[in-house]
Structures are given as C-alpha cells and as structure tokens.
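Pasting the structures here.
Look at the two complexes coming up: chain A is in both, with chain B in one and chain C in the other.
And then the complex of A and B:
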C-alpha cells in the first residue's frame, strides 16, 4: 500500500502553502498559494503579536506627564479603542489565513491521494472548470461575503466587545484614560440598577408595541390599497398607482421633517383645519400619547406605498386561471380573496413582512426625524416618550458617549429581534417548502 | 342580472371614493411643501394654503447663494447613489441567485446568517465603521460611503430577491442546461431577463437609500464640499433653527423631483411580473 504521495503532499503543504500543490505538479495553483502565504507572513510577523497583546490588555500606558529636565511633558499613552480595532482586524485576517491554509492542506491531500490511486491531478483549467460547475454558488458568494465581513460582521464583533468594557464618559474616554474589560457589569446595570432599568423596560415596551402596530398597519393598509386599485372594473389604474406612490418617492428625510411641521401643535395646518371645523387642536407632538399616535399615522403614510407596490407585484404573478377556476365553482369575491389571493401574497411576501417588522424595531428615521424621541420624559435616563431602543442607543452614543451601555442595548435589541425572526422565518412556507413552485 | 350589476356599481363607487380620499392624503403634504417653496419670506407658517404671491427666490438662492453649495451636494449624492446602486444590486443578485438555485452545504446557514445580520441595528456599528475607515484612510471620501451602502445591500435584499427568484420555474433552467448552457449562462440569459421587475425594485431602493441616509453620511463626510444633499439639508434646517424653512422647502422639491421622475418612469417594470408569462409559455 503506497500512500507516499498523499503524505508528502500533505506535509509539504502544511509546512508552506502551495508546496504540496507544486509537488503534485499543479504549478499555477501552487504558486498562487505560495504568494498568498508569503504576503501573509510578512504581514503577520509584524502585527500578530501586538494584536494578541492588544486584545488582552487594551493598552497599558495611560497618558501622563513626565518630567524631562525639570519640565513637565505630556506623554501620549495607548489609545485603547484604536488598539482594539487594529487587533481585531489583524485577528480576522489571521482567521481567514488559517481557513486558506486548511483548504490548501486538504487540496494537497486529495490530489496526493488521487496520484496514489494512479490518477493524474487535474490541470489548472480543469480546476477552474470544476469550481464553475460544482462550486458555483460558493464562488458567487465570495464577493458579497467580503463586504459583509468587513462592514457588518467586524463592526458587530467590535460593538459586542465594547459592551464588556467600561468605555464611557466621563471616566474612561481615550486617549486621556485607558479602557478596561469589565465583564457583565454593564448588562447588570442595565437590568438591575433602578435608574437604568426603569428606562430600559419602558422603552422596550414601547418599541415592541410600535413594531407590531407599524408593521400591521402598513402591510394591511398596503394590501387594501393594492387590491382597491387592481380589482376588476377600476379604471385609470396607472394614474391611481402613480398618485399613491408619491409618498414613497419623496425622500423620507424630507417627508418626515415636513410632517413634523404639518403636525405642529400651534401653527401646523392639521390643527388649523381642526380649529376651522370647530374642533380643538390636538397636542400631536407634545403629549406622550398623541405623539405615539402621530408616529404610527405618519409611518403609515410613509410605509403603505412600499407594501402596495410589493403586493401589486405579487398580484400580477398569480395565474389568472386560478381565479377563473374559482369563478366556475361559484366562489364569491371574499372567498377568492381568502383562498387564492391572501395565501399567495403571504407566501411571496413573508420574508419581507419579517424584514419590515425587524426594520420597524430599528426604525430610526421615523422616530428621530419626526419627534426626536420627544416629548421629554422626566423619569427616563436620556430618553423621551417616543424613543425606541435604537434612538435611545443613538443618543447614548452620540450625545452621552456611553458607548458600553449603548452596545449592551444593541446586543439586547439584536437578541430579541433575531430570536423572534429566525423562529418565525423558519416556520414560513417560503423557507420550509421553498420548492413548492416548480 | 341587474342585481349583480347594481352590486358592482356600489362596489366601484365605494372604491373610487376611497381612492380619492387616499389620493388627497398622499398628495397633500407634497403640494403643501411645493407651495411653501414658492411663498415669499422665510417662515414655516402661512395663513393660506395657496400663497398669495409666488416667488422663485428660494430656488435662485439654492443655486447662487455661495454658502449653500446645493448643486455640489446634489451631484455628490447622485454619484454616490448611482455607484452604490450598481454595486449593491450586483452583490444582491449574486447572493440571491446562489441561495435560490443551488443546494450546497452551508446554504441554510447562509440564509439565516443574512437574515440575522440584516436585523442588527445598522448604525450600532457606526463607531466601528468610523474607526475602520479611519484605519484605511477612507474618511471623508465618497468611496467609503459607496462601499458601506453597497456592502449592506445583500443583507436587506437577498431574501426578498430569493423569494422572487424561487417563483421563476426551475424547468426553464433545466431546459437550458439540457441545451448546454453553463451556470453563468443560465444566470445571464434566463434569470437576469426574467428578474427585471425584481432588479428594478432593488435598484430603486438602493438608489433612494443614499438620498435618505444622513446618519452615515454625516459621520463619514467631514468637509462641506463633500456633503450629500441629506447632510446639507439637515444642516440647513438645524443650523438656522427653522428660520429658513422656505429655502429648505425649495431644496426638498428639487431633491424629490428626480427621484419621483425615476419612479414613474420605471414603475411599470415594478408591477409587471414577467415571470407569470414565462411559466405559461
């Protein structure tokens, strides 16, 4: 039993990426691996040690004054946050490198084994062909993955780490002061410390109510409008659609700032009209209850066109013959809606609906631009009555510099939304029976 | 027979009534801001809905007032929106095609992963992205914004696009495969043309994104010349404490119009599902 080539190729590739491939006479692939390893090595020799040191200590020298020849001089200390992010980037690159290394060894092993079995390893062209035929999906996913890794995953890891530090104003702000790891202290403060927990539970409750109401109102509102327009006998469909898309076509930033003025309690046109009809104006944005009503209503105005467009798109894809068959059977309009339209629409839009729900939990614009979280709530820690967890997080980050608390809240938002959505998403038909439509 | 006709007439009358009410609600704020932009003075409030006199001074101010730089902001935003749209749609198509048509080991993990990551509050990673861009020396560049927007696109769009691609009958692919088409050939010749409504939808949302977003734009773009319209407009209202509302209204109208034109130009594509026809034929 000769396992000579397998062992040699594997060992060579373990020693240095690409050697095994070159040994297997796959020169182009081998050289690509060689270059990758050479470049990586020069990078890691310089950075890796410091990265591990940085992530453990978060810097050791704080900024201080030193006496040089009797004159006090400011000595720059370690900037914990920069150290943290640099270390993180290096370690992520290192993990990627390890994956490449593993793939290189496995490849050398496979081709070595093939040679032992008496086959000749494929040429470079054949390798490319193989990838295009059988690893096509993975190849397609590489580019998006890099983007997501860099701009989503890495920042998330970073923020999760911040939640376990004491990075906050006024006592732990680099570069003047160092930041330390504190474990679960921040989370503990958030749920157990009276001053924080009161705000937290209050804001959390409102966030959930808001997310449910805003999703349901816009989705079914959109469905209603879509069906109104697309029902048989309604003329000028194009014009109605064009008119009702208008709110979506106006940038949200503008329409929300605009609505803020429309609903202005003193001079806003809405109240002017109410007064004209002899009704008293309402404190739209200044009363906690009415402010909540206002954001829901305005969100409907902004959100219904999106659902309408989406559902109209789905309506056109429902085969006409299904309705024709139903009509032959004597189904009423309502029955057609309930048995054909609604299930088909729900099937196609379930992921969107969930995305909308998650989006609404994090609907920063709707709240921040419209009310800015106001009216002020005296009981709350840096939050107003209409503040969602996200806008609270934003305020804690940008206005108060409580980065650790903001990160902890972010993680909690994430856990709630993710648990709910994954569970729900897995139950939807489009996930379980996705091959239903053939 | 006449009973059915009567019922239909009632239904239609009621529908038209609803549509008229909804249309008024949809158009009112837009018209209000249009009139505000044409009203003399700077104030937010007016006695009448239609201004007594019309003026173009606010529009003129946008282009000739050197402190505003409105044309520069507009071009910046257009550039960013266009490039992030192209790149973002491309990336989203790649991921959605991969998860819709191929069955591979990490497929469900990929989908759940996208879903989960998409739910993370976007700007929670704000500080991290800021520091990352600083590290790569990309702060205050439009390139950075384009990258951030485009990289985020697959998170929001993949599952929607996948839902759409799933409705394109698999039999079309298989037929093409028998005719000798490669994976890439199928993607290019079959999936892309049939996905036109989907692509339009994604392109529009991707294009609109940068016009709306000011959180990241404000964070990344430091110099006034590099601002996007959103940052500029925000600053206009904020720095002047609403005293210059009419100029803001004029700017709002100018921003909204190109997006609206784009919408009405392309909306046919949005609703005409080409797939229904394809599966029948």
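And then the complex of A and C:
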C-alpha cells in the first residue's frame, strides 16, 4: 500500500486527463484538465482520422465539371495542398495535446507521490501561486511559443514536405490534378538528372563564387575607404562620409535598374565614354563572364558604404596609445595596420562578416534587378548565367510553378547557409569570450 | 506591368544623368508573354439587350444572382476602359463591380494560388497563350451560356485562341500582333521585302552614331516568329496542339532563320543590348527608321512622331508573306466564383461589339468582333487597319500548357545565333531537344 496513491493517480490520469488530479483532491485543476481533454477529443474525433488520411494520401478525388442543363458546374474535389496544410495543423495540435497529456500524468504522479509521503497536495490557489512565483517565465512563454510554432515552424515543415511531393506545373497542379508523395525523387532529379543537375551545379558554383567575392570585395573595399577617410590630415571627413553613403541610401530598386542602363553595351554611357576615349567598350551585361564582373563591381558600389560605416565605428574605438607605442618602437605604417588595425577590426566585425556572407548567398536584389539572371544560357534550365540559387528558385516558383523543385532548392540553400554560419560562428573568436586579441 | 513603369522611370533618370544617349532596359525574361499589353475587345448583342435574351435556345437564360457583386482583374494600361465598362454594367444589371489592377501576364499565376481559396477575382483578363495553363488546371468555367454568340461574332482565330482542348473558355476582347512602324520622314518607300529593308538600312545605319535602319528585339521569340514561320516552320504541330511535334528546327524554320542571320549586318548589336525602352527612345528621336512592334506602342509613337508615323504589314521573308504571332486578350470566369452568372454576364458584356469599340477608342486596340472590325471607327483608322491587315497573316500562339516550356530555350537559342554566330540548325536542334525534355518529364 506504500505507493498506492501514486499508482492510482497515474493510472487515472492516463485514462482520462484530470481524473488523477480529482483523485488527488485537486478539484479545480482536475476539472480544467477534464475540460481540456473533452474539448480536444471532440476536435480530434472529427479531424484526426482525416488528418492522417490526408497526410498519407494527399487527397483521392480530383475536381471536375458537371453539366447541369447545359451549364458547367464545378464539382469540387480534394485540393492536395490545402489538405496537406490542414492535416499538418491538426497533427501539430495533436502533438501539443500529447504534451499536455504527458504533463497531466506527471502532475498526477508527483502529487500522488506527495500524498504517499504523507503531504497534502496543494490547493488550486497554491498551484497558481507556485506558477506565478517560480514558473512565471515558462508559463508566459507558452503563448509566443505557440505563435512561433504556427507561423515559423509550421511553414518550414510545410516547405520541406513540398520538396518530397510532385507539386509542379503542368501535370500536378491542384485543384485539377492531385499531388502525390514522391520521396527523394525531386532531389534525385536535381543532382542526377542531367537536364536539372547541369543547371544546379552551374548555378551553385556561381552562387558560392559570388558569395565569396562579393563579401570580400565589399569588406576590404569598405575597410580601405574607412581608413583613408580617418587618416589624419584628411579634411571634410563628414562630407566624404556623406557622399560615400549615398549609393547605399538610394533604394536598390532605383539604383540597380539605373546601373542596368549605364552598362548597356551599345547605348549605355559607360561604353559611350570608353569609345570617346578611343577604347572599345565591353559587353558588360551580354557576355556571361563580363556580366559576372559587372554584378560584382556594382555590388561593391552598393555594399562598400555599409562596411565603411561599420569599420569607421570600430576604428574610433582603437586606443590611440597603441599606435603611439608602436610608433615609439619604430613600426612602419604597414606594420601598424597588420598588427593593430586589422586584428582589431576583424575581431569586432567578424560576426557581421559572416552575416554578410550568408546574406550574399541570398542576395536577390543585386542579381534580379541588375541582370535578371541574364545573359541567357542555352544550357541551363530556366536560369541565366548570373542567376543565383535564390533567383533561380524565384523563377521556378513564379514563372514555372515548379514548387517541388523550388522547395528542394530552398532546403539546399538553407543547408548551405546554416552550415557556413554555424561553422564560422563556432570558429570566430568573438564568440569565445575574452582575451581575443593577443 | 509595374516593372515596365519602373524601367521607364529608370530610363528617363538615366538619360538625365548622362550626356550620352541612353535608354531604359527592359529585359523580358518571359519572352513574348509580356508583349501582350493592349488589346481591343469584342462583344455580342448583350451589350444592348438583356443578357438572357441573347443566349442560345438550348442554354438556360441567366440573370445575376441576388446580391451579386464582382471583382475584376484588369491591366493598368486599360484601366480607363475598365472603369467605364464596369459603370455601364452596374447601371444595367445593378451588380457592383470592383476593378483591381493586375498585369494580365500574372493573372493566371495569381488565380492558381488564390482561386481555390476563394480570394481571386470573379472575372480575369489574360493573354490567350496562358489559357492552357488555367484551363488544364480547371481554374476557369467554360464559356457555355454565350458560346454560340461568341463563336458567331468573333474572328475564327480569336475563337481558336479562346479555346482549349475543344472547349471554349474565353470571351475574346482584343487581338494583337506586331507590324512595321516606320518614320515617314526617313523611309520614303515602304519596304516590301526584308531585302528592301537590308538595302535601305545599308544607306542609313551608322553604328558609331547609334543610327539604325531597323531595330526589333532580336532575342525575343515573340518578335522573331515570322523568321521561323514564314517559310513553313512552326512551334507545335497540328495548329499548335501537338506537343510532340516541334517545328522550330524544321527545314522551313532554318531557311527563315538564314534570312534572320543576314540582318545582323545592318543591326550589329548584341541582342541583350536591345530592349523596348531603348528602342522606343531611338525611334522617337529619329535614330531608328523602322521598328517591329505592337499596338501597345501606338499611342506613344503617335505623340512623338505625329504625322510622320507610318505603319505597314511586315516585309516578306525569303519571298514568303511574313507570318506574325497573334495574341488575344480574353476574359475568363474564375471557376470558384460565388456568382458564376453575374461573372459570365460581365465577361460577355465587356467583350461585346460596343465594348470593343470603346476599348479601341479609349486605349487603342484591334477588335476581334466581326461587326466592330467593319465599323468606320476601325476601318478609317490607318494604324488599326494596318494591324488588322497583318493580323490576317498571323497565327495564334499555341495555348497548350507546354507552350510555357518553349520561351526560355528559344529565347536562349536566338541570341546564340545572333550574338555568337552559331549555326541556326545546331542552335535550334538544341532548343528543340530541351523543349522535348521539359515536355517529357524532366521538369515534373
């Protein structure tokens, strides 16, 4: 009889939420749990079967038209994608319910054990007090957590699931056609089917090259400009700063589209000037190689101001006496830069640098507004020579409705960005606490 | 078309900030789709009579549902027409109509996302080559109540364009194709053949001064279809319905493309450097003598050139009449509409004879309605009748869903030929193979 209350309360709560609490004489809490389970049951009896059916089959009847007195009427069928979302939501709620159920059992168990030990379980008031005093933060985090679950986690799961379906135009577009699970076929096509893989590897390679070059050029370009401006003896520093920040301040929507005109190979002013000075122009946007050069150069123009501001801020924090000491020791300007400035700046800005790198992998604006992925590439599937994975994804989604392929690419982009970020974060000294600068 | 507006703003800004001549850049990734901007409409008797009286004997008469109200997606460019016709419709049927602006080329995409959720417009306006995509996804209600009227009152080509898989879905309201704009102060003899164009341009073109006898978007399949089609090439066989019969690399197409290659001599520019905005500014300033373009440029060109603006059918290619792409703007009724009757009535009303004439008057468009085409308003308009003349030698763009697989490969092959001098046969074979791959599942 030693553990009598514990076992009885646990079993009762397992059978029906709240029974164990009532058995433990915690009536209000028990009733709340009872109501929760009752409401949940009515919800799940109606929905859960359909949710599991839906997520397994993704619908079985497709829609069609029926003639009624010569007029076509729409007979609605299953819309695979709606079914997928609804099933997903139901299942998420079901998981939440299971968590609540588990907590209810644990609560019954603990209070039963307390009774076995000769204590009286707390009253409802005491429970509330306990929560307010000790579990306040956890309790009130439930609300945002549910929000995050529904608005962040759920769409991500949904996107990941799409990659394993054949949801694409023209043969599997709901509502007319059903969507089916195809497992890893989409990924397999992407890396193994020649027509897709050629584009994928080509675009992926360029994306990586682009991310590295665009980050490095803007960062060191910004550093150079910042150091030049903060040199002693440079006058009108404020004006320099203001002028250099202008490219960043103009919306890229305007400035990049403008650039696109400036770089026109035949009519653009840049080539016109080059010709005026007797130089042949360059095919800035029409040759695959030069188009890549152009996007990197223009991106420097847009990106350097950001790095410049950032690094200027850091430069002001470097103590002057370090330079003075170095001068006393007879250090040259280059040595001062290498030993003092560079490490200090790198240390403070490393996290931003990583963020910029990840951002450049997904730098939609620079490519989409400047070249739109052009010049066209006859060997690529729906992509041009300067398309990044993210602009390719955009074209696949909006122009071609290949949602499954776009999701697969989205997952791959996510994996790439996440891997780089985590690896870099872990290796960056700024995240490993003090004593970073030797 | 928001994008296009932005690009025009940009073009203006670019010109202001530079001494050199410079135009906008309008890189049209989706091929000829974007060419469809303006068009006329046609309509049948319902414009004057009660909708019910016009329906065929074997179809039910329809009246708007009680409490019906409609949302209609219209293009920004044709807003003036949309507002006017919506007002007339509301007066007649007492059904409020709300107009929302959306580029016609985006409407099917938006419909496929929002239609099933019940958030899309009741009546949409699309270029007919998007019809296959919408109809095969069962997003549109067939045009059944007004089928007989529509077929009887409109040109055959427009009915073909508004049908998919043997079923009439659309309510055609305007046709569009392209023709040869020319500047009368420079071109005295309108060229009859592309050899004439070549001969004239040799005297006029001066690359160093950015002066060209002729310019058109050489990398865009939409405008270069005459080179493919005039000597017997085609895109899909069986009048554009057989996805397995691809004719862009047929002998006829290659023969035509050889004529195309010859023209590089008088337009020695990379295809990527030519776009609608640049072309427009050069033509307006008299630096380009001839331009192959559609009715959507008409109003602007008239303003810029006044009486010097001339318009003629396309010159012949290799001795054969030039066959252009024809596009039709058609109304479609959302399959998920709450008020199918009201929506059908609106589509019919806004595409009738009077509506098409109004569209022509307000926006400038080519009717598809047979009576409207005979109307003095159209007949006496030199420009519209020139387009109508060209339209007689045009073929509707294929509207099967596989058409979506054609644009990018061909728009990539044309620059290969034009910019890099690739052999037309090799380039087109490659494009044809890609289309085949896409049609047969590489993209599923």
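The working rule: the second predicted complex is superposed on the first by the 301 of 438 C-alpha atoms of A that agree within 3 Å, B and C clash if a C-alpha of one lies under 4 Å from a C-alpha of the other, contacts with A are read in each partner's own complex, and residues count from 1 in each chain.
Here is the rule we use: a contact is a pair of C-beta atoms (placed from the backbone, for glycine too) under 8 Å apart; a residue touches a chain by one contact, two chains touch by 3 or more.
Computed from a prediction, not measured in an experiment: that's the story for all the values here.
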Touching partner for A:254 - first (chain B), second (chain C), both, neither: both
Contacts of A:82 with chain B and chain C, given as first, second, both or neither: both
First, second, both or neither for A:118, with chain B first and chain C second: neither
Which of chain B and chain C A:421 touches, first, second, both or neither: first
Partner chain in contact with A:330 - chain B first, chain C second, else both or neither: neither
Touched partner set for A:183, first chain B, second chain C, both or neither: neither
Residues of chain A touched, compared between chain B and chain C (which is higher): B
First, second, both or neither for A:169, with chain B first and chain C second: second
First (chain B), second (chain C), both or neither touched by A:280: neither
Chain C-contacting residues of chain A that also contact chain B: 82, 253-254, 257-258, 261-262, 264, 267, 269
Of chain A, residues touching chain B in the complex: 81-82, 85-86, 89, 132-133, 136-138, 140-141, 143-144, 147-148, 150-156, 158-159, 162, 225, 228-229, 231, 233-234, 240-255, 257-259, 261-262, 264, 267, 269, 301, 305, 309-310, 312-314, 316-319, 348-352, 354-355, 358, 361-362, 364-365, 390, 393-394, 397, 403, 406-407, 410, 413-414, 417-418, 421-422, 425-426, 430-431, 434-435, 437-438
List of chain A residues in touch with chain C within their complex: 63-65, 69-72, 74, 79, 82, 166, 168-177, 189, 193, 195-196, 253-254, 257-258, 260-262, 264-269, 272-273, 275, 283, 285-286, 371-378, 380-382, 384, 395, 398-402, 405
Complex contact set, residues of chain B against chain A: 8, 11-12, 15-16, 18-19, 22-23, 25-27, 29-30, 32-33, 44-45, 49, 91-92, 94-95, 97-99, 101-102, 104, 107, 110-112, 114-129, 131-132, 135, 147-148, 150-152, 154-156, 159-160, 162-164, 166-167, 169-171, 182-184, 197, 201, 208, 211-215, 230, 233-234, 237, 245, 248, 252, 255-256, 259-260, 263-264, 267, 270-273, 275-276, 279-280
Chain C - residues contacting chain A, complex: 6-7, 9-11, 13-14, 17-25, 27, 29-30, 58-60, 62, 109, 112, 115-117, 132-133, 136-139, 141-142, 144-145, 208, 210, 219, 269-274, 278, 282, 335-336, 401-402, 404, 408-409, 411-413, 415-416, 419, 427, 430-431, 434, 437-438, 442-444
